[in-house]
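What follows is a pair of complexes built around chain A, which joins chain B in one and chain C in the other.
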Partner chain A sequence: MSLAAEAFVTQIAAAEPWPENAALYQPLKEEQILLSDNAACLAVQAFLQMCSLPVQVVYRANAEYMSPSGKVPFIHVGNQVVSELGPIVQFVKAKGHSLSDGLDEVQKAEMKAYMELVNNMLLTAELYLQWCDDATVQEITHPRYGSPYPWPLNHILAYQKQWEVRRKMKAIGWGSKSFDQVLEDVDQCCQALSQRLGTQPFFFNKKPTELDALVFGHLFTVLTTQLISDELSEKVKSYSNLISFCRRIEQHYFEGRAKDSTFRPSLIS
Partner chain B sequence: MGTVHARSLEPLPKSGSDFGALGEESELIEVEPEAKQELLENKDVVVQHVHFDGLGRTKDDIIMYEICDVFKAKNLIDVMRKSHEAREKLLRLGIFRQVEVLIDTCQGDDALPNGLDITFEVTELRRLTGSYNTMVGNNEGSMVLGLKLPNIFGRAEKVTFQFSYGTKETSYGLSFFKPQPGHFERNVSLNLYKVTGQFPWSSLRETDRGISTEINFPIWKTNHTLKWEGVWRELGCLARTASFSVREESGHSLKSSVSHAMVVDSRKSSILPRKGALLKINQELAGYTGGDVSFLKEDFELQLNRPFLWDSVFSASFWGGMLVPIRDKPSSIADRFYLGGPTSVRGFNMYSIGPQSEGDYLGGEAYWAGGLHLYTPLPFRPGRGGFGDLFRTHFFLNAGNLCNLNYGEGPKAHIRRLAECIRWSYGAGIVLRLGNIARLELNYCIPMGVQSGDRICDGIQFGAGIRFL
Partner chain C sequence: MASPMELSCWGGDWGLPSVHAECLVVMAYGRFSGAPLKVNVIDNSWRAPRGSVPLLVSDDIVISQPAKILNFLRKQKYNADYELSAKEGADTLAYIALLEEKLHPALLHTFWVETDNYYTVTKPWFGSRIPFPLSWYLPGKMSREALNRILVTKGGPPFCSLAEIEAQIYRDAKECLNLLSSRLGTLPFFFGNTPTTLDAFVFGFLAPLYKVQFPKVQLQDHLKQLPNLCRFCDDILSCYFRLNLTGISPAGQDPIDANLQKLIQLVNKESNLIEKVFFHPFCDLLVDD
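Let's turn to the complex of A and B:
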């Protein structure tokens, strides 16, 4: 199908209301999902919650390969399949739901810049930790990534993915970084976010935007995931306003759903 | 001294009486001094020596097996026939480019008066042969490079490598083949491959990387193949618009299966035979030797041919198969059966019968298909005895069905499901045979029993293939 035709179909589908049976697909929660994927999935879940769009979370071992872009999560709405936060925000907007409509142009640009910052720093740091830190790779990433597959496919696929991510890291200049340098980057990113947030409930005052969903997804995952060392989460924990931001979103958007298994870890302890 | 010179034995006369010509040939040598014409035809002879000219890397023992029968010959006709057979056997090994046989009377001190020497003049194939070609098709161009190392260790072993580099996909295959010396039909082969297939009827792309070993051996009139195969399969959607059912099957799986195939074939040629029958039974068990795919798959193919009036041939074929998933995992789209198209149930589009989702065919766990054909020579027989004999007209009646089985239902319910909503078609067309491996068909088809979701090809349909219903 040509690009124009595809765009046309997308528009047609966009005109339809949000269906009851919309589903969000992500990897298996307990034994498979990795830090960075969990962050991305949580961000999309938070975003859809903020938009009050009901979605059923479906766990599939092959979610990564089902996704049209090869990245999780993706949503299946009507007969449309959309993956990753950016396109999902666009898709939802086409259906008439938006969190950032109230912002002026300057704010929108600012929001996009901060989202880029989170993707470039936090996401890349998570990827670095899970695919380039040898101890984490051996103890956590490989066993988890290969868990749905039989021998020897589990090793082949994990090494294939590792090779791919390391190549990307080299391309963006992270290949030669040490873990301490990465932590330093994370710290800077958190500092920037913390300053922007200040004492406001959300990044743009009273109403949450997709930036809040994205930041929540990453920070919450970093804070609640058990890793080999807790250096990463310690960095985040030193910013108290970010911690309370995460708690606020968790309480506000996920409290009612805490009983079902979709959302187990909690900051309120 | 009478010399019998039998060069280039092809074609060998089938009956002994044709050997009368040999007497004439020996007359030609009458000019030699003190020659006494001897008619060797009915006389006992002894094959004393067999010489080989042109052997390089080929080991002696493998040659011995192929020619040992020649020593058992008792008279000249026998010698001729046995050496012809030996020549055929040598050629079949696929290690010689040329084999010529010379039969001469024995010379030397120990020569018996009725002793014969046989000389095989052979030309070995080169150590490495290669081929290169380009192919265009299905919106894709590809370059195919083939390398072959015949007779690599001197006992008819063969290594072949094929690499295809396309604008969309690359594939390769490496195989090693070794026959048992003296029993060419008993052989072992080892294959390593990567194949990528695009299946637009299912909006599916499949990449297989695999390793397989197989043993072939004949038992009485049947040929058997035992095979183990380990394949890493990667499924993906061909387009963004693929149905969600296909999307759900995306990802990696590892199939490890053992299979057994049995073939009985009494036909003279596999394409457009005049008489004879073919029975193929194949069974595959996956999941007990590793991997995460488990099923039992059975399928068979039966074909009967009978000569009919005026050079026409009546042919009937029947196919069937069943896939039973083992354990709780449902069957994979890559393992299920597909039906329809110009090589199976004509009048329907390629693999466009049965369960489907948003226009993507998902295949079925059980199927059957049957066909009746009447092949006749072309009307008024143009090009008789030559090009025209490659063509046939045919009238056909095809039927078949494909469905999924709910395994709780029991065999009776299964048979009932396969018997309801039968797709069938009839028509006529022209068949062209290409060598002895493939055939082309141009048919006018009338599909019947079409169910909703099936895609039909009402009217002219073109087909090319190797296996036909």
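Let's turn to the complex of A and C:
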């Protein structure tokens, strides 16, 4: 989006209040969605819940192709369509809802830095696992990604996506990494998040911010998704304050919607 | 621990010990932690490594990539982060991720993709430190790799043209500079009075933007409006690298050498014309794709 277009969108957005019929689009949750997409969708859902903005979750097999950026999730609000957490946070802010307004400049810098840490390490590790680990690719990623399409389109699209992701991994120097090195990175990232959180309820004490939504989206997804090995979730499970952080957000923001089966894989046992 | 550690780096200019961000990170960390690194500046001889610079060699161990080299130095007891709390260690990791995601693409673009900068500064400079005929090939390869990295990481449906991607990465980079400036505030270093790993990374990424004289300087202009970041770079240069500038460089660069290098730079500039004619239309095709 160009600067002028962005300014225009912001102006329009500010003029209208949050409508009743706002919708969030994401891939089918039972048979299609992948680890990284699920994390992104959950992060946006958590963010909107924290802002107390009602949104109806719509599951579409072609959500990826409906999204303006080619990435899920996206929200449809009034006559606006906005995709991914960063732009959605901007959009919602233009409508007068913000979670990070109370932070000072240094805290805002810190929040942005930790959000980049999550994107740089956790998200990349999820992409690595689902597109570069051969066993996962064969057993989980290809069947799920191709599930809505007939043969041979299912294979063609899955291989196309795989090629795209592997090219990206190569460009950022992850192409030659082993799975163990990736797990080490994940561990380092979780350790940093755990240290930063300490004993506080949220990353910036009493009130959640978009960082809390993003971390929750990724960690909860890693913890509750059945993969061929549980090495990834074991890494997260060794940090007890991160587990209780996920539980806290699940209870506080998703409990009321317990009927919604998105959250069937509950942490509360 | 007793074995000598040799670091191969791209050399310096414009008052910098190295013009290459990653090399600068390792050199700065070496100074901060007191590690006795023997720095080998890459000249235009065949024996110098060029693939994965900076490169640390200690006995038979060879390590590339700044993060791995820093880890190795820490294991050798050269640690600049002794006094940091666990939370500050976590912050270090987070801010390095911020630099990687938000500032690195713009830095790559300024050096290797922006056409004016590449042909008048980057290509002649690096070309004169690479033996012929490799000097005709390698800078172009580095430029294509930088462009490829920017396209696959930042390109995508909402940004269809290179111009839109450029606008986005420079917007991100400026935001990143503002965030770093507010984080640093009036402190001498990011975690108080002593420099740490994070200072090495920030210095490594900022100093080339601040000092190298390019024809297109949009990020430099922005950086110069943030006096505390400029002061931060100047302080590290004057406190930790002054000896280097007076001590090592005259020995390595006698007048004949300097003249030779100028001549090589000139020849390389001429060869740009050839590359522009033959390769550039092809690059444009790739970009439009």
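The rule we apply is simple: the second predicted complex is superposed on the first by the 260 of 269 C-alpha atoms of A that agree within 3 Å, B and C clash if a C-alpha of one lies under 4 Å from a C-alpha of the other, contacts with A are read in each partner's own complex, and residues count from 1 in each chain.
Here, a residue touches a chain if its C-beta (ideal position, glycine included) is under 8 Å from a C-beta of that chain, and two chains touch if they have at least 3 such contacts.
This is a predicted model, so every value here is computed, not measured.
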Three-chain arrangement built on chain A, chain B and chain C clash or fit: fit
Which of chain B and chain C A:Pro68 touches, first, second, both or neither: both
Contacts of A:Tyr149 with chain B and chain C, given as first, second, both or neither: first
Which partner, chain B or chain C, touches more chain A residues: C
Cα-centre angle that chain B and chain C span when viewed from chain A, reported as a multiple of 10 degrees: 90
Touching partner for A:Ile172 - first (chain B), second (chain C), both, neither: second
Touched partner set for A:Ala15, first chain B, second chain C, both or neither: neither
Lowest inter-chain C-alpha distance for chain C and chain B in the superposed arrangement, angstrom: 7
Residues of chain A contacting chain B in one complex and chain C in the other: 1, 68
Residue ranges of chain C in contact with chain A within the complex: 65, 86-87, 89-91, 93-95, 97-98, 100-102, 145, 148-149, 152-153, 156-158, 164, 167, 175, 179-180, 182-183, 185
Contact footprint of chain C on chain A as seen in their complex: 1-3, 68-71, 105-106, 108-110, 112-114, 116-117, 119-121, 167-168, 171-173, 188-189, 191-193, 195-196, 198
Parts of chain A lying in touch with chain B, wherever the complex brings them together: 1, 6, 9, 60-62, 64-66, 68, 76, 79, 81, 149-151, 153, 156-157
Residues on chain B engaged by chain A in the complex (per definition of touch): 232, 234-237, 239-241, 244, 247-248, 250-254, 290-292, 358
